[in-house]
Every structure is written in C-alpha cells, then in structure tokens.
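Below are two complexes that have subunit A in common, paired first with subunit B and then with subunit C.
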Partner chain A sequence: MDTIIVKTGTNVKRRRAARLNSVSLPASILINLGLVSFALCCIIPFIFVVIISFTAKASIEANGYSFFPSAWSADAYNVAFQLGRQLWTSYLNSFLITILGTVFSVLICVLYSYGLYRTDFRYRTFFAFFSFFTMMFGGGLVPTVMVCKQLLNLNNNYAALIVPLLVSPFNFIVMRTFFKSSVPEEIIESSSIDGSGEYRTLFQIVAPIAKPGIATIALMNALAYWNEWYLSLLYINDSKYIPLQYLLMMMQRNIEFIVKNAGMLGTEATRMTQNMPTSSLRMALCVFIVVPIAFAYPFFQRYIVAGLTVGSVKG
Partner chain B sequence: MEKVLALGLSLLMILGVTGCTSNRPASVNSGAPASEDPSAAPASQDAAPTSKEPVAPPVTVTVLFEGSNVSDDTAVVEAINARLAELNSGIVFRPIWGTWGDFDSKATTALDTGDSSIDVFFTCSWTSNNYVKYAKNGLYARLDDPENNLLEQYGAGMKAAVPDLLWNGFIVDGGSGAGIYGVPGYKDYAQLYAWDVNNTRLGELGVNYDSIPWAQGGQVFYTQQFADAMETAKKKYGDSFYPLLIEAEVLPRMIAGTDSDPTQLLYFGYDPTDPRKPEKPVVTSRYDNPEYEKYLNKAREYYQAGYVDPAMSNAQQANDARNAAMTAGNYLFNSQTYAYGYDQTASAERGIDAKFPPIGKAIVSTGSVQGAGYAVSVYSKNQDAAVKFLNLWYTDSQLATLLAYGLEGTHYTKNSDSTVTFDADARQSYLPWRNGMGNIFILPPEDSAGSNYWNEFKAYNEEGVGVALLGFTFDTDPVKNQVAALLTVRDQYVASLHTGAVDPATVLPEFKNKLKANGIDDVVAECNRQIDAFFAQ
Partner chain C sequence: MSSTMINVGNPAGSVFKRRVRGKTLILTSMMLPGAIWLILLRYVPMFGIILAFQNYKTYSKAPTLLNNILHSEWAGLGNFKFLIQTTDAAVMIRNTLLYNALWIVLTIVIAVSFAVMLNEITHKLVAKTYQTLMFFPYFLSWVVVSYFVFAFLAPKDGMLVHVQSSLGIKPTDWYNNAGPWPILLTIANLWKNIGYSCILYLAAITGIDASQYEAAAIDGAGKWRQILHITLPHLRTMIIILFILNVGRIFNADFGLFYNVPMDSGPLYPATQVIDTYVYRVFSSMHDIGMSSAVGLLQNVVGFICIMIANTIVRRVDADSALF
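Up next, the complex of A and B:
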C-alpha cells in the first residue's frame, strides 16, 4: 500500500516538473491551502446555520449559538412543516418565479445584446445608449412603483414579481462583450452564405458558442429572482403570492420591529411576540432557502466549464 | 425580402407595444369608473339619484392593518361582509393584513405613490406613516372639513363612542387646515410602566414581597433589598438562572425618566410623582441625563454579578430569551409596559403569581393618545364609504368582534358571563393586533380578564395624568438627517449598554461623542424651539 502511494507521488512530481506553466509543489500546497481556507470561510457560516437549525431551544437559551450544542432537536423543522400551506405555497412561488423569470430574462438579454453585438445593425449605438442610460439615471422608487402599479397593473400578481427584473442593462453589456470576444463575425457571415436565416443563426449557431456566457447570465438572474423579496414588499398584499425569501424576511423584520418598539406597543405586543418563530426556526427556513439554489451552481457550472474548452473557429 | 419582413415585423411590434401602452391606462382608468358607471347609469335612469342606497352596487373599502398575524381570513371576511350587507351599508370590506415588519414600507409607498386601491390606513405616532406628518403633507383626508364634513355626515356614532380627549389629541394643523384627519383608536391611552415581579419565586426564596420598597417606583432598582433578592435567587437556582430580565428599550426609560418620544433620543424631564410638572419642559438629550448614567452603572454591576442573561444584549436573541424566561416563569424581576388587567392575564399565562407594582403615575401624552388610529387616504375614491365603514366598525359590536376575534365556534367560544375563550390553535391563523382594532371597548372581554373588564379599564384610563406637552408633536423634518444618523448610532450601542454587557465607563463617553458628532445638539435645540412655539400659541 505504502509503496503505491509513494510511487504515484513521485509520478505526479515528475509529470509536474515536465509540464510547462506548472507551479512548484510548495507553491501549489500554499495556493491550495489558501483556497481551502477561503472555501471554509464561505461554507462555515452555512454549516453554522444548519447546526443552529438543529439545536434544541433549551440549548440556545442556555448557551447561545454554538457549534457544539448541548442538545439537538429537529423541532424547528417540525414547526416549519406545520407552517403548512404557507410554507409550501411560498416554496412553489419561489420556484415558479425563479424558473419563469430566468427563462424570460435570459431570452430578453440574449435578444437585446445580440442586436447590440451585430455591427451591421444600424441603430445599435442608439439602443446601447438607450439601455445604458437607465443604468446611470433611475427614476427613483416612487415613480417606479407608480408606473408598475398603476400603468402596468403589476399589483398582487405573479407578473409583479417577474417583470420588474426582466431587463437588466448590466447583463446586456456583459452579454454583448461576451458575444464580441467569443463569437467571431466570420461565423455569422459564413452561416448567412450557407443560407441560415437570422433566427437560425442566433439560436443554432451563436447561442451554442455563447453557452458559458448565457449560463453565467442565467445563474446571475436565477440568484436575483430567488433572493428577491423587495418586490413582494412593494407589490404583493395577498399571502398566496409571497415567495419564501419574503416569508423569512417578514419574520425577521417583525421581530426587529417588536424589539425596537416594545415601549410603544404595550403588553399586547409582548403576547404577540410569544407566537413568533424562534431563532432555530429562522435558521431552518434559511436552510430551506439555501439548499435548492445551491444546486443551481453545479448545474450552470457544467456549461461554464464546457464552454471554456470549446472553440468555434480553428486556426 | 427578409429585410422587408423583419422591418415589417419590428414595426408591428413597436405598434403593438405602443398600442398596449396607450390602451393600458385607458383600460385601467375605465376599470375604476366601470364599477361606478353602472351605478351612475341606473341611478340617473331611475330619476331618483338621491335614494341610491338600495340600488347602488356595493363599494369596496380596503383597509391596511398593522401588526396582524393572519394566514387564513376567507371565512371571517365572508362573515364580515354578510354582516355589512345585513346592516344595509352597501359596503364590501377587504382587509390587507400588514405585519409589524412590512407595514411601514407598505403604507408609505402606497401613500407616497398615490395608490388609490387602499382606502383606509392604520396610522399613529410610531409608525412611518406618522399621523401628524402625513396629515400635514395632505395625504390623509380631513374628516371634519367644513365644506364636506364626513364625520358629521357619516361618523356621528363613532364621534360619540370615542372620548373627546382622543378626538382633541387628533386635531392637527394638516393639509387642509387645523382639524381631524383620522379616527383615534379607542384603547388604553394612558401609558404606565410597571415592574413585573414573579411573586411565586419570591415566596420560594423566603423573600417577603412587601419587604421590597415598591412605592419608590423606578428607584427600587438601586435598593439593597432588590439586589439581595437577586443574590438569594442566584444562590438557590444556580448559574443558569437569571433573575433580572432587561428589555433594553424599556427598562432604562422606566427607571431614568418616563417619556414617550418616538425618536427615543430626548428626555422631557417629567416629574415621576406628578407628570404634570414641569409646566414647560426643557428637553435635553436622553443620554446626558445623570439618571441614565446611574442606571447604566447599576446595570453593569448586576450584569457582572451574573443576574442578567447575556442573550439579552444581543438584539437578535433578546426577544426569544426574554419570552422564554417570562412564559416559563424563570425570572424574578422584569419590566413591562402595563395595560389594565395584565396582572390576571400574565399570571394565568405563566402559571405563577405575577405582580405589577407601578412606576409613578400613568401619563397621557401626545404619543400615547396617538397610539393608534385610522385615516382615510386622500386618493381613496370612496371616502364617504370609508368613513361609513369606520363608523359601523366603531359602533357595531358584532362587526367589531368578527374582525378582532374571528368566528364564534371556530376561533372562540362565548361563555355565560359574556366573556370569550379563544381556541389557541384556530387563533394562530387569525390573530389581528387587538389594540389596533378600532374601538376595543365594544369587544367582549377575554375569560381571564373577567366580565367587568372594560368598566374597570375605562376607570383606569381616566386616572391617567395629562402632561404639559399633550398635543405637541416633535416634527423631526427639519433635522431628519441628524435623526436618521443618530438612530443608527443608537441601535449600535443600546442593546449592549442598557443590559450592562459592556462597561459604561469606557463605552458611554464613546457613545456620547458619536451622538455629538452626529448632531444630537441640533435635534435638542430644534425640539426646544418647537416647544417654545407650541407654548407661544
């Protein structure tokens, strides 16, 4: 057993030394250690959240939050499941909004930025400016809400949670730059010579090459939709439309408000706080929120890595 | 060919889009009048437009509530609307259940953006849609407008049901002259702080309740007997027992001077034994008050002796920890904003003998009078109906009970002595904030409070002593940047400072310096200027 390990070790060493662009073993260890510690910094808070969500209430009250609680319990999850309909409705809403939102926003992004990328499109400078301008100057909250609510009727419906995030000028710029750097114009010329129409060129030739870029944008948008709660605050009054993130946010804000205004509210409020979720329940909801979106990363990563190694024009 | 087609398509799209945008507002506009148009049309055809009550289709009144915990209201709203139909009101009620966390943003965005879909807003002195501020900005409809006195026309019942003291407290120099811009919530309007003492535990320790000089009010905190009782408790129950529960926002206020200033930055210097004095208060910074420093030092001493749960100093955990200790009776001394009858309720809930020795006298201030209320939005298309609804809600006991308690048999049962008993599980899905339920004196009392509850409550209310500044509201607009910055500074320090978790000798000067740097002096000066102007009137 030992000899094999040593052997593979020396093999690696030899191969490493033979390869160009390779780093020395100590440097590699150092870099890896650095990256591992960075990764730990990212993952430890989440592990902590999971631990707290499984900590018994008594243990939190006695010792506060701890990595090694004195007693474990799945109570918080039981309570979370007892939230019943609201929890599942919100979960479903979150998925619905994220999936629909990502599909449409990516479609819009690709269509718009493809237009900006094509040098033979006459009005591209105008449209580039048109989107860029909104990045610099916004109308502010009040006019935005007025337009959305009164003009577009984005009030108490799913559209209110999807439409406001559909168009993102920043993504247009990223996507256009990506097209520019990875899709050579020759490929568009050659496909048009071969008789491909505009839509076929975009969806069957350009889009597959631009997969990594599209995947990046899709990941960014999916995250934005999944984590969005402010839109629900502005436009949603009916609890059947609220996403999971907002459910958690609401609990958090309720508790903060009560703690701050205890003096103004009187004893009635004291009684209401007793019905409020405990910290372990909040952490359990946090887990509910993080887990599904964590799976989105490996899913999109596949395209990102695959795309980097695939070229389009040889030579 | 393709180019022409593409051009044609894009042209079509542009036309389509503009078509949409030009159609949309029209359809939205026509949407609202559409509900009125049919009502107008038959009325004019009947040639009897004055008697429109039975013919007109019902008008929807939407109300935004505060602090609710409601997940299933379908059956209740149906019953309310059945009752409204029975009363021939011509009104359909639609609630929006704002919660503590989202109410402020919901209410302010709706009002600031001129949202006409909400007719009635909860409003008071401590939410962001502050009654005085929004009345001044002209966003609430004046109810006693001489030209269109809605209160006289539709609200006579509630005008009589709510005491004049509250109506007077709601008079404000608003957007359309000095008058009433909202309907005061009729609840406890005197504010009283009290100790919350676990007498069962005191008995176990062999400490006589009367041996602690409760008559000294807030000063009890500094007495030897108070400290001794905690020391005995600590010895008997061990390290994990914390005898003193500190609610960071309440206890210092209760001991170092009572006030009800929503900015929580100012000290009005009311005399605890007679809050009517001083006749003309001079405001100082709450944190410069020597009593405040004295409190902090004592709290630090108690914290170091292990009397205070460290979780209390963490704003995130304080509430959980305090509630858990309270419901389990795991405490000796606690602070409470008292409401009449809480002795019985608290004792029953916690299964202990809880006593509430008061601190000073109950005071009536602008803040406590404007503790709750309802205002009609100026953007509401149905202001008449909104006032009509409020009037019914404030006077019809059956309607008010439905809204506050839910359905009889589902959410509560009625007892023979006209009190009610709640079904704890059903109540979880329908729990509006009772103090925000308009006129709570027409609701049946809870079983733990007793059937004579409201009469005793009214007597208690009337004992409240009005402060010299009753009717004065500090308008923070001229110093709003300072106030915002100061509140951030404040939030950073108070939880740890007030519970004694940090040493006031080093942290308090730092805190004060930061307050000074962020302009506390401007705020104090501005408030004193406004008080001068108030008394000059």
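Up next, the complex of A and C:
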C-alpha cells in the first residue's frame, strides 16, 4: 500500500514537472500544424502520382491531373504489363545491379575500413589519406568518363553500371567510425593471441559485432544503386542494360516522341498511340520504382538514420 | 637502429618481427580492392587534366586514349577562352553560387526550426511519424521527383495549369518560361533535403542533457529562453561546421536536380544552367572535350581551394570535426 502511494506520488510529481516544462496548448497546436503540413507535403506528390496512374484517360483529357478524378481505370497497368518486355528487362536489371553492387561495395568497404580502423596497421595513415584526398580533388567528369570508357571498357555492359559506384571514401569514414565505437581493440589482440588469422578475425569476430554498421552501409549502397540513372546516361546506349530509373527518364521524352510522330507511323501504330494512356502509363512506371522503396523504407529507416548521424559532420 | 641490433641476436624478437611484417602484409592485402579502384577510377583520371590544355583529336592509326592524347596538339589556354568570350560562364557560375548560397542558409534555418519543433512533441509515436514522412523524399531519385513536379506543371494536364485555367488566368507555360524556376528549384531542393538535415540536428538535440532544461524551467525560463540559451548554443558548433563544409562545396551543384527536374528544357537554361550541367552538355552534345575538361578543371581547382580554406576554419572551431 505504502509503496503504491509513494510511486503514484513521484509519478504525479514527474508528470507535473513535465507539464511545467512542456509548451502551452496554443503553441503545441501551432507546432503540430506546421509539422503536419510539411509532413503531408512530403508524401502528397507520391499519392498524387499513384492517383494519376489509376485515372482513366477520358478523365485526364477532361480535367487534367486531379486528386479527384471523375473516372478510375487500371488501363495504365494493363498496358504496362502487355507492352512490358522492356519494363521487365529494366526491373531485372535494377535488381541485378542493386544486389551485385551492394555485395561488392560492402565487401570492399568493410575490408578497407577495417585497415583504417586498426591502429597497429603500419600504412593506416597513408591509406586514409589515399582515399580522403579523392573526396577533395579529382580529374573531373570528362577525364573520368574517358578513362572508364576507353581504358577500362566500362561501356554498354553491366560493369559500367556497377563499378563506378563501388567505392565511397565517405562510407569508409562511416564504417571506420562504426568499428571504432562497437569493436574494442582488446578483442582483436586476444583473437590474434588465440591464433586467429587476420581475415578470420575480421569475418568471424569483428563483422558479427559490427553488424548494425554493415547493415547501414549495405542499405545506403543498395539505395544508391536502386536510384542510379546517371551512370546509364553516361555509359549505356543499349536498351538491354538500362535500369528502371533510366527507363523512366527516357519515357519522359520517348512517349511524347511517339505521340508527336504518330502521323508518320503506320495506321496501326497511330491507333495504338491514340489509345495508349500515355500520362497514366508514365505515372504507373514511377509507381513501380517508388513502391519497393516506400514499403522497405519504414524498416530500414532506423539504420540509415544511425549511419547518417555517425558520419554526419564528416560528410 | 639499436632495436634491430638487439633483434638480430634475439630469436624471439625476430619471430615477433616476422609476425608483424606478415600482419602488415595481410592488412595491406585487405586494402587492395579499394586501393586499386581508387587508382583506376580516381587517380588515373587526374592525369586527364592534360585534356584541358589540348585540342583533343582521335589518332587515326591506333586510336587508343593514350595515343590520342600523345598525338593531340597543345592548345595552351585556348580552351579557357570561352570564359571571357561568352556569357555562358558568367551565367552558370552565378547560378551555381547563388543557388548554393541561398540553399545553405535556408536549409539551416528551416531544418533547425523543424528539429526544435519535433523535439517538443512529447508523444513518441507522433514524433516518429512526422520524422518518417519528412525523411521519405530523401530516398527518391531526382528522376522520380521530376515526375512529381511534372504532375503539377505539365503543359495542358498539369494540376497548376488546370487550376489556372479554371480560374480564368492564362496558364503558365512552365517548361518554357525561366522566370519561376529559381523558386521551383528551391522548393524541390528543400522538399527533398530538409528531412535529412533535420534528422542530423534532431540527433544533436536529443543528445543534450535533459537536466539542463529542468534546471532552467525551475529557474523560471520559458520555452523560448530555453531554446535560445540551451538548444541553439548546443547546436552552434554543428551548424557552423555543416555551414563551412557546405560553403567548401559551393562550386558543386546537384546534377540531377538541375538536369532532370526542369526536364533538360532549353528555354530554362538561363535559370537552370549550373557548372555541372554545362560540363555535361558541352561534353555530350558538342563533343568539345577540351572545353568541357577545362571547365571541370577550373571547378575542381576552385573547389579544392574552397575545401582547404573551409577545413582550416573548421579545425579552428572544433578540431575533431575537421575532415583532415
């Protein structure tokens, strides 16, 4: 009995203290209003695009893009699935590039940052400078593209979409910080005394401890690969290799192009482009890209936040 | 020197030394994949700076990159002439600097305010929801964002265009009219990146010891005074550092924003051309390798100087936050 009274007593006191230090009701309403409106602004364009993708062609012709279309239709998705060869190729390309790119970039990053983390590694400062210097100075776009294309043959192949993004000195910093904060050096000393080789120490002892850090890097890299269109712009001509993002980028111009030149094509083509729900088709493609992110995002957000705050200032 | 002398006569010592050497070798082998990548994709292209001073031509007999470079004529500073001869340079440099300067300031002000506001939300789940929604745009590519913008501005069908015509106003031809684009680009950039900065600042705020606020509240300090005298001073170092580092990158623009969001539309170039897009356009459509390399080189040299200065200042403010 006594204890309960004491407990509620402190609870009340604490609540009173919290209330004392919380904002007034009008201020709280204002703050919430401000945050709600910005938060909605952040998500509304995506909802808008989803709505447009389900809008019937007639409704778009009559009212343009609207949050409240007069008629709904899944035509865009039907057409996308029918015409879809390029769509599926690109989808597969995107997945392939994301998976391979993430695996290799994480591997390279873990190996390199582990060396930077080991204070007893003789060339640590040299390799640190070697990578950080490239964050400050580079050859620039043109020499880099020419070296990649002509010397390294990164031209119209999957490698061109993976290799140029493999290394990020920024991620080295983040990963090294993760190692520093989660793996005590004594563990490495003791495992070396127990006769574990360097690679074994890294993969069987250090990596499991630093798992959250590795997950962060993996997610950041996966996102970078999934959102990649710049490399396709620079290195890819063959539609066989283009990922989803670049397909979307080309569709912006190409659908318009088809419609504009409809008169010059055969009657069949004219009929097809006339019936094609071009606007909603475009938006449907956009939905295809965002949906995987939107669904996975709430789960990986926490890791990314951790990664950002670790490497925050040293961007 | 003396230590080696001792080691020669000491078997245990030489075993130890061999082990150290072995360790160094193995650790170095771990650096190799990354180091080789850096050499091929970062250090080799640095020699490509030569291109800025050449009239690059394909050497017909054996057209490899090295042969082409060896057999091209020197242009001296010819590739840099456009800087004074055209207005392109002035426009793109002006755009790059002004947009960056404006956005650095706006981002700090807005992100810090949102972070302070988020911190006042006592309900955990609500705060988390706001944060999740605000951070969402950061995960989208500029290609996707350009579609979002298009949904509002598209000629004929765009929502804004429709609203305008239903109100009886003559609809704006958004993609052919450079006037509104400084504002549109600013909105797009803030929309995508505020959430990111906000989360950085929020993390810093949650790190502040709660007892400081309690003490201030007991002493009769209201919310405003707590924010002014506790929160902001704690954020000061971080704000200064992020500010300076961003100023160090003031010559670099976000290519995707300036290329995709305005849909690469020519009439908008006066408002959307920045150094990065200019280099790409000269390179890809005019194939002027000398000139595009020259612009790139200038950007890198000036950028390098800016970062060095920025870093020196950061080191004065807070040595731990300096890049090197």
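Following the convention adopted for this analysis, the second predicted complex is superposed on the first by the 223 of 315 C-alpha atoms of A that agree within 3 Å, B and C clash if a C-alpha of one lies under 4 Å from a C-alpha of the other, contacts with A are read in each partner's own complex, and residues count from 1 in each chain.
Keep in mind that, in the parts below, contacts are C-beta pairs under 8 Å (C-beta built on N, C-alpha and C of every residue); 3 or more make two chains touch, one makes a residue touch a chain.
Quick caveat: nothing in here was measured; it's all calculated off a predicted structure.
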Touching partner for A:L141 - first (subunit B), second (subunit C), both, neither: both
Comparing the two partners subunit B and subunit C, which touches a greater set of residues in subunit A: C
Which superposed partner A:A207 touches (first subunit B, second subunit C, both, neither): neither
Touched partner set for A:S22, first subunit B, second subunit C, both or neither: second
Subunit B versus subunit C as contact partner of A:S279, first or second or both or neither: both
First, second, both or neither for A:Q86, with subunit B first and subunit C second: first
Touched partner set for A:N237, first subunit B, second subunit C, both or neither: first
Partner chain in contact with A:K57 - subunit B first, subunit C second, else both or neither: first
Touched partner set for A:I187, first subunit B, second subunit C, both or neither: neither
Subunit B versus subunit C as contact partner of A:N153, first or second or both or neither: first
Touching both subunit B and subunit C, residues of subunit A: 60, 64, 141-142, 145-146, 150-152, 197-198, 249, 252, 279
Contacting residues of subunit A [partner subunit B, same complex]: 57, 60-62, 64, 85-86, 141-142, 145-146, 149-153, 155, 197-198, 233-234, 237, 239, 249-276, 278-279
In the complex, subunit B residues that touch subunit A: 2, 6, 21, 24-25, 28, 67, 69, 71, 96-97, 99-102, 104-106, 109, 112-115, 117, 125-126, 188, 240, 247-250, 253, 260, 262, 310-311, 314-321, 323-327, 336-339, 342, 345-346, 349, 367, 371, 428, 431, 433-435
In the complex, subunit C residues that touch subunit A: 23-24, 26-28, 30-31, 33-35, 37-38, 40-49, 51, 64-65, 114, 117-118, 120-122, 126, 129-130, 132-137, 139-144, 146-152, 154, 156-159, 161-162, 191, 194-196, 199-200, 203, 213-214, 217, 223, 226, 238, 241-242, 245, 255-256, 260, 263, 276, 279-280, 283, 289, 292-293, 296-297, 299-300, 303-304, 307-308, 321, 323-324
Residue ranges of subunit A in contact with subunit C within the complex: 17-18, 20-23, 27-28, 31-32, 34-36, 38-43, 45-46, 48-49, 52, 60, 63-67, 107-109, 111-112, 114-115, 118, 120-123, 127, 129-132, 134-148, 150-152, 163-164, 166-167, 172, 192, 197-199, 202, 223, 227-230, 245-246, 248-249, 252, 279, 282-283, 286, 289-290, 293-294, 297-298, 301, 305, 308-309, 312-315
